[in-house]
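Listed below are the structures to be examined.
In the two assemblies presented below, chain A is common to both, partnered first by chain B and then by chain C.
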Partner chain A sequence: MRSKPLFFAAVFLFLACQNALASFNIETDLNSIDFGYMNPTATKGDIPFQGLTVRCTSDQGNPWQLRLRLETPLRHDNNPSQVIPNENFWWYGISTTGSGTLVIDEQDFLIERVAYNAPAGEGASGIDIRLQFKLTIPSSAQSGPYSTRIILTLIE
Partner chain B sequence: MRFKIAFRTLIFLTVSLCFTCSLMNAGAFALSASIDKPRVEITAPAGTTNSGFINVRNKGQSPISVQATIEDWIYDENNKRQFRPPGSTSYSCAEWIFITPQNATIPPGGNLDFNYNIKIPEDAEGGKYAVMFFESSGVEDPAFEGMGVKLVGRIGSMVYLEIEGRTKKEGSIQSLKLTPPHENKPLTLTYTFKNEGNAFIGFKSILNILNKEGVTIGFAESEKGKGTLPGDAREDSIKWFGSITKGKYDVILTVDMGEDVPPIVRQETIEIKEDIL
Partner chain C sequence: MVFLRVIAVVFFVFFLNIYTAYSTQEDTPLTASVNVNSIFKISIQDSFLDFGSVDPGEISTKKDINLSCVTNNNKDWSVSIYAQSPLAYEEYEIPLSNFKWEASVLNGSGQVSTSGNIGLTPVNFYVAGIDDYITETPVELALSMHIDVPAGQVAGRYRTILVVTMHEE
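This part shows the complex of A and B:
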């Protein structure tokens, strides 16, 4: 009879510990961004339409940052020598639930840049940072699919 | 009896709530990864091997592919941390760190310990710094039809390594400038801190204003701490907004460099030529 409360207490502790372990966390609501079909010289902005939401969580009490960089330029899937230069690809912040500094001006992908700076103590229950992207296709671009990876880095 | 029923009901409701919240949280995101140690601080003798682990957790509903990588870091001239390839900085320890496994797939709700070994060479001295990155991406590649960009979540665990008995933490104050308050402008103290030791120093500036009786009439501190690696010089500024009558005052700057390092204290005199009320 006494074991039941103990069992429930143990389950409760287990679940509580599951959350307690997640001390430094990054989440995105999408796995990828798709610009679809684009013609040479075309520009597409505000992609994805609803924004990419990145949720960062930290219960460490220290300041933290979200940074963005491109692993490689957008590269033709069948002809890797064909690339769309990083200066043709931009990102910008559109909103945040935090009180830190969000970069809202268009930034190219020439270097890794800080998108959001969180002050000490922020983010124990998660801060949402919404980003959008813009791309211009050079006039000389070869037709076909291009791909790359955006690295979203969370650090103290 | 009533107490028992109430207690059981309370426990049941609490567990249900936790479970529901856990499921809701997991379902909201396509990619989710966390680590338990965003910072690893080690003090150890040269010639030893130090081990530990970073637990990587997948809170999402899809499997994630995790890759562990190691880089060095430095501060640039704007005091922003920049990552560099292993072995490319003067205070690098990235090449001493080995992580296993280097690649793994973590199922939804699962977690995995990535073990690290740091082999410190016999001749090592001072502070050495690196970062262990854990890159997470969805396991299945999306079928793009045009311009496709895959998202990768990367979490860094900063490594601060100090060689026991061979670490020196020293700093100095350079080019101190004290500006009296004037009309709406605050009293401002600007100075440069130089790291003259052989290890990382995080510092914070504290300002005290004392009248001729030695009583503190004003106090301020810098908004946030700054980090320096050996040889780095960083400017810091403290502003004090407050009322003060004309006269001479002592201004004491204290540079706090952490618990294990004595602070640097500098005293200056300032003359206030008009009442600021």
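This part shows the complex of A and C:
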């Protein structure tokens, strides 16, 4: 009778150890990107200048993807009803150290999109993906600071 | 019995691993920011207003100026006008009470004061409506002005400087 709890304990211990030893993470070289000061109707691209480097690591052996989405539209910090629409905000890939497929055409933030498709077995020692961003300010944008969060997702 | 239990555990681990593999996901947030510049300006079509030659006791022809106002500050604003001095020629003056204006809105949602005299202190002639707080297209105003030249006024070229101001509350 005592063997049953032992079996389950062993199973959970096995899984916990396996997950603890597994490497599956995403990190960026910057915590933020800033478009600085812009006039209404202005467009600014190639931000950040050196690109945002996203390092994806996975030793699971499965195909994986890097996806991007916006948590909210860019919102005015003092007047949240004022937003810069997601279709005015774009991202695009500029390089990768991996052998997968990187999206290099401009993509808006209307929906979550895949930026990089990695084949099975890639990424055990980390794959670097460099991205840049572009923004157009609408003619009717209120002056002042706007911010949001870009969510980068590593998913198998 | 033990064999079956081992098989069951192996399958359990196998399917749980498959489930774990398909649900593996990790997010990292990145803050994005921009600062939209303030645009707040008024422009005038002509910076020189010449009423021509007018006989004493007569009214000049009307002269129009068009004003264009742009802002993206999302605040109350208004437009005022005043003269820095009476219309003067040497030591002679034409009182500002004889310098008349009429205002009209060509494009805008605010309230306009239709007419008045130029004074030495600013007088609001346009108060922006809420749709003007961020002007996707400029607010266009027209000022039509004329001068009643008093009878017996000394001949000469009379001048003053008019100041039109757009100001936020």
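Here are some notes:
In this section, the second predicted complex is superposed on the first by the 135 of 156 C-alpha atoms of A that agree within 3 Å, B and C clash if a C-alpha of one lies under 4 Å from a C-alpha of the other, contacts with A are read in each partner's own complex, and residues count from 1 in each chain.
The criterion applied here is as follows: a residue touches a chain if its C-beta (ideal position, glycine included) is under 8 Å from a C-beta of that chain, and two chains touch if they have at least 3 such contacts.
Just so you know, these numbers come straight off a predicted model, no measurement behind them.
Overlay on chain A: chain B and chain C clash in the combined arrangement.
When the two structures are aligned on the shared chain, A:L154 is found in touch with chain B and with chain C.
When the two complexes are overlaid on their common chain A, residue A:Q60 makes contact with chain B and with chain C alike.
Contacts of A:N79 after superposition: chain C is touched, whereas chain B is not reached.
By the document's definition of touching, of the two partners only chain C reaches A:A141; chain B does not.
Contact with chain B, but none with chain C, is seen for A:S23 once the two complexes are overlaid on the shared chain.
Of the two partner chains placed around the shared chain by superposition, chain B and chain C are both touched by A:E71. By the touch criterion stated above, A:W90 is placed in contact with neither chain B nor chain C.
In the superposition on chain A, A:N39 contacts chain C only, with no contact to chain B.
Mapped onto the common chain A, chain B and chain C collide along 150-158, the only clashing stretch among 114-122, 150-158 or 258-266. Of the residues of chain A, those at positions 4, 11, 15, 18-19, 24-28, 30-38, 52, 60, 62, 71, 74, 84, 133, 135, 137, 145-156 touch chain B in one of the two structures and chain C in the other. Here chain A touches chain C in the complex through residues 3-4, 7, 10-11, 14-15, 18-19, 24-28, 30-40, 52, 60, 62, 70-71, 74, 79, 82, 84, 89, 133, 135, 137, 139-156, going by the rule given at the top. By the touch rule above, chain C contacts chain A in their complex via residues 2, 5, 9, 12-13, 16-17, 20-22, 24-39, 72-74, 134, 136. Those residues of chain B whose C-beta lies close enough to touch chain A in the complex are 7-8, 11-12, 14-15, 18-19, 22, 28-39, 55, 57, 59-60, 62, 80-81, 83, 111, 131, 133, 135-138, 142, 144-156, 158, 224. Taken in their complex, chain A has these residues touching chain B: 4-5, 8-9, 11-12, 15-16, 18-19, 21-38, 52, 55, 57-58, 60, 62-64, 71, 74, 84, 112, 114, 119-120, 133, 135, 137, 145-156.
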